[in-house]
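Two complexes come next, and they have one chain in common, chain A, joined by chain B in the first and chain C in the second.
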Partner chain A sequence: MVILFAVFLLTLLALTAVAIVRTENLFVAVMLTGIFSLLMAANFFVLDAADVALTEAAVGAGISTVLFLGALALTAEHERSVVSGRWLSMGIVVVTTLILIYATFDKPRLGDPRAPVHQHVAPWYLDQTPELIGIPNVVTAVLGSFRGYDTLGEVFVVVTACIGVLFILGVRRGGYSPSPDGDRLTTAGSGLRHHLIPKVVGRLLIPFIVLFGLYVLFHGEYGPGGGFQAGAIIATGIILYALLDGEAQALKAVPRPVLMGMVVGGATLYGAVGVAGIALGGSFLDYSVLADDPVKGQQLGILIIEVGVGLAVCGSLLSIFHAFAARGRH
Partner chain B sequence: MELFGLYNYWVFAIVLMTGFYAVIAKGNFIKRLIGLSIFQSAVFLLYITMGKVDGGTAPIIQEGVTDQVYSNPLPQVLILTAIVVGISTLALGLAIVVRIKESYGTIEEHEVQSLDRSS
Partner chain C sequence: MYLVVSIAILITMALALVRALLGPSVYDRMLAVNMFGTKTVLLLSVIAFLYGRPDFLDLALAYALINFVGVLAVLEFFQSRSIRRAADRVDGG
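And now, the complex of A and B:
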């Protein structure tokens, strides 16, 4: 039964991907990418990756759709068709697909427990997590503690990308404060304030979205979730507020200096936990020394870095959104 | 049943190459970025597929349960962070496209190239 469901979802996924590439209306393509991400999240869930499904649903179906729409509003909604080279590209793609499919016949079947990927370090993580870290969610334990260096690097990539977007789109040109002739703003400025149903439903949803984000952040050690998901979910809630009541209102609720503080503070908090490990006699990002009991120290360290990750991700995504929105007003 | 075991990988190949087609055959920059993110999602699917174990469940250890099989947590960790990094780099790409539009007035590659040549 589950396998039929999975086959159905995967078939829909492939069809959606083809539809996205075929359509020449970019707005349609962006809407379809939202569906694509949601299908992908469902597939991840079927494949036992609850944490990844949560991330994909919040980031792929939520934030990337908004960013694409923001970029479309600033550029063009239709693409012009290119005639030259289409058949050559099609030929290359078909041949490569066939080669890749031929190569899959040597791969272990789905779910084969003897596959090489399950033989190396993964069983060790599953065995040792309860003893060394003492939290149920192994994904969080690997992310936060065993492979903390990787995660620190990823956070800095997110922060760097955010700084890049702010430099490219020039925050200052968009105006730091709401412009004095705020009444003149078009629908883009006032959001969906004059549409009753989105306004009422959205207002009802926003507190619960943010609350859910906080739950995901602080419950990430026991269930699916963690800093990355929480940051994305809270950012989605605030972006929804910006869409409903206008960007200026959202900036009043969470001003730009606060966003910058979240980006820099979150990444610094993560680094500071690492340095604290050195100061207390351990090595960089070794949480065992943070408390008297090594297991308690690990839990404390993971919680702090998850908060840092959440702040950095939420701040970055919101800054990027505001950079696009501010550009649109000029 | 045996063949279904490879279906995930086939869908991976098809989705991967669909995204790749958009990157090499389309001239519109936003469409190319969409293609790139489809390509990226296909890679995520490959990783998560490899982590699945028969009869397994999400790698969240249940207390008092000893005979439960768990899926591989490592690919999940790699992909979880990759998704968030993916959206950040996508935003950077979109920002560059917006600036290209402001400078050239178009986001079609051949038009940008002909403008470059004529100037």
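And now, the complex of A and C:
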């Protein structure tokens, strides 16, 4: 039955993907990307990967639509059709597809307990997590503690991506200087506050979205979630404020230096926990030495690095959002 | 019972997808996406109970909160675009 659900959802996913490629109207493509993300998350969920589904929910449903629309506001609405090199790309795609299909013949059945992936370190993680870390969500334990290096690397990937996007979109030093013409446009078009229903419902939702983000952050050890999802959800809440009251107002609430501080501070906080482990006589990113009780130390360490991840992700996403909006004004 | 409900929701999702693919107007697609989001929330909730893991309802909650932002972003996009076009027309004329 799970298989049937997954196959059905994957079929819809494939249809949507083909439609995204086929359409030349970029707005339609953005809308279909939203559906693609929803289908992907439902599929992750059906396959019992709740943490990944929450990530896809946090990023795919809200923020990526907002960023795509921000990009779309800077370009034309229709894709220019490119004819040259079509057969070459077609050939590469067909060959890759055939190789991938051939590779699936050796793949173990879904959920097979004798599959290599369930024989390697996974049993050890499942076995040792209650004893060493003492939290119910093994995914959080693996990401935060056992494979803390990977997650540290991922945080720096997020920071690097943020720096790259900010460079490309070229935020001016000293921030936004209003030109008379640009100012007229932004005040006229800033936000949806002149519409009653979005204003009332949106204002009501903002505190709950931020609260839910904090819940996901601090409850990540017990349920699905963690720093990355929390950062994305809180960023969504602030973007909602920007949509309602205008982007300039949101920038006043969370100014650019604060955002930069969040991005750099979050990544530094993560690294600092690792260094603190060394200073207290353990190894890098070994949290057991952070408290008298090793299990408490692990939990404390995971919580602090999750906060670091959340800060970095939230700051990056908001910086990118503001960079798009600032670009649109000039 | 959960099974019947989830199959019904899957069928509704497929119908919404058909509307999103066919269009024809932008508003059809927007409504289809919005409806698709709502159906995903429902599907996640029902499947959480079908699997006997109601704590996964967190996810459905996250979707319910966040979906709204995407739709508002689309509305904002249309509003600012129509304002910009009107301004261009005034400047041009």
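The rule is simple: the second predicted complex is superposed on the first by the 294 of 330 C-alpha atoms of A that agree within 3 Å, B and C clash if a C-alpha of one lies under 4 Å from a C-alpha of the other, contacts with A are read in each partner's own complex, and residues count from 1 in each chain.
Here is the rule we use: contacts are C-beta pairs under 8 Å (C-beta built on N, C-alpha and C of every residue); 3 or more make two chains touch, one makes a residue touch a chain.
This is a predicted model, so every value here is computed, not measured.
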item: First (chain B), second (chain C), both or neither touched by A:Val117; value: first
item: Partner chain(s) touched by A:Tyr270 [first = chain B, second = chain C, both, neither]; value: neither
item: Contacts of A:Tyr287 with chain B and chain C, given as first, second, both or neither; value: neither
item: Which superposed partner A:Ala50 touches (first chain B, second chain C, both, neither); value: both
item: Touched partner set for A:Met31, first chain B, second chain C, both or neither; value: second
item: Chain B or chain C, by number of chain A residues touched; value: B
item: Which superposed partner A:Leu240 touches (first chain B, second chain C, both, neither); value: second
item: Chain B versus chain C as contact partner of A:Met1, first or second or both or neither; value: second
item: First, second, both or neither for A:Pro224, with chain B first and chain C second; value: both
item: First (chain B), second (chain C), both or neither touched by A:Ile209; value: second
item: Overlapping contact positions on chain A, where the chain C interface meets the chain B interface; value: 48, 50, 72, 223-224
item: Chain C-facing residues of chain A, complex; value: 1, 5, 8-9, 12, 15-16, 19, 27-28, 31-32, 34-35, 38-39, 41-42, 45-46, 48, 50, 53-54, 57-58, 61-62, 65-66, 69, 72-73, 184-185, 188-189, 191-192, 195, 198, 201-202, 205, 208-209, 212, 216, 223-225, 229, 233, 236, 239-240, 243-244
item: Sites on chain C touched by chain A in the complex; value: 3, 6, 10, 13-14, 17, 20-21, 23, 26, 29-30, 32-33, 36-37, 40, 43-44, 47, 51, 55-56, 58-59, 61-63, 65-70, 72-77, 79-81, 83-84, 87
item: Of chain A, residues touching chain B in the complex; value: 3, 6-7, 10-11, 13-14, 17-18, 20-21, 26, 29-30, 33, 36-37, 40, 43-44, 47-52, 55-56, 59-60, 63-64, 67-68, 70-72, 74-76, 79-80, 82, 85-86, 89-90, 92-94, 96-97, 100-101, 104-105, 107, 109-113, 115, 117-118, 121-122, 125-126, 129-130, 136-139, 142-143, 147, 150-151, 154, 157-158, 161-162, 164-165, 168-169, 222-224, 226, 228, 231-232, 313, 316-317, 320, 323-324, 327
item: Chain B residues touching chain A - in the complex, by the definition given at the top; value: 1-2, 4-22, 24-28, 30-31, 34-35, 37-38, 41, 44-45, 48-63, 69-92, 94-99, 101, 106-108, 110
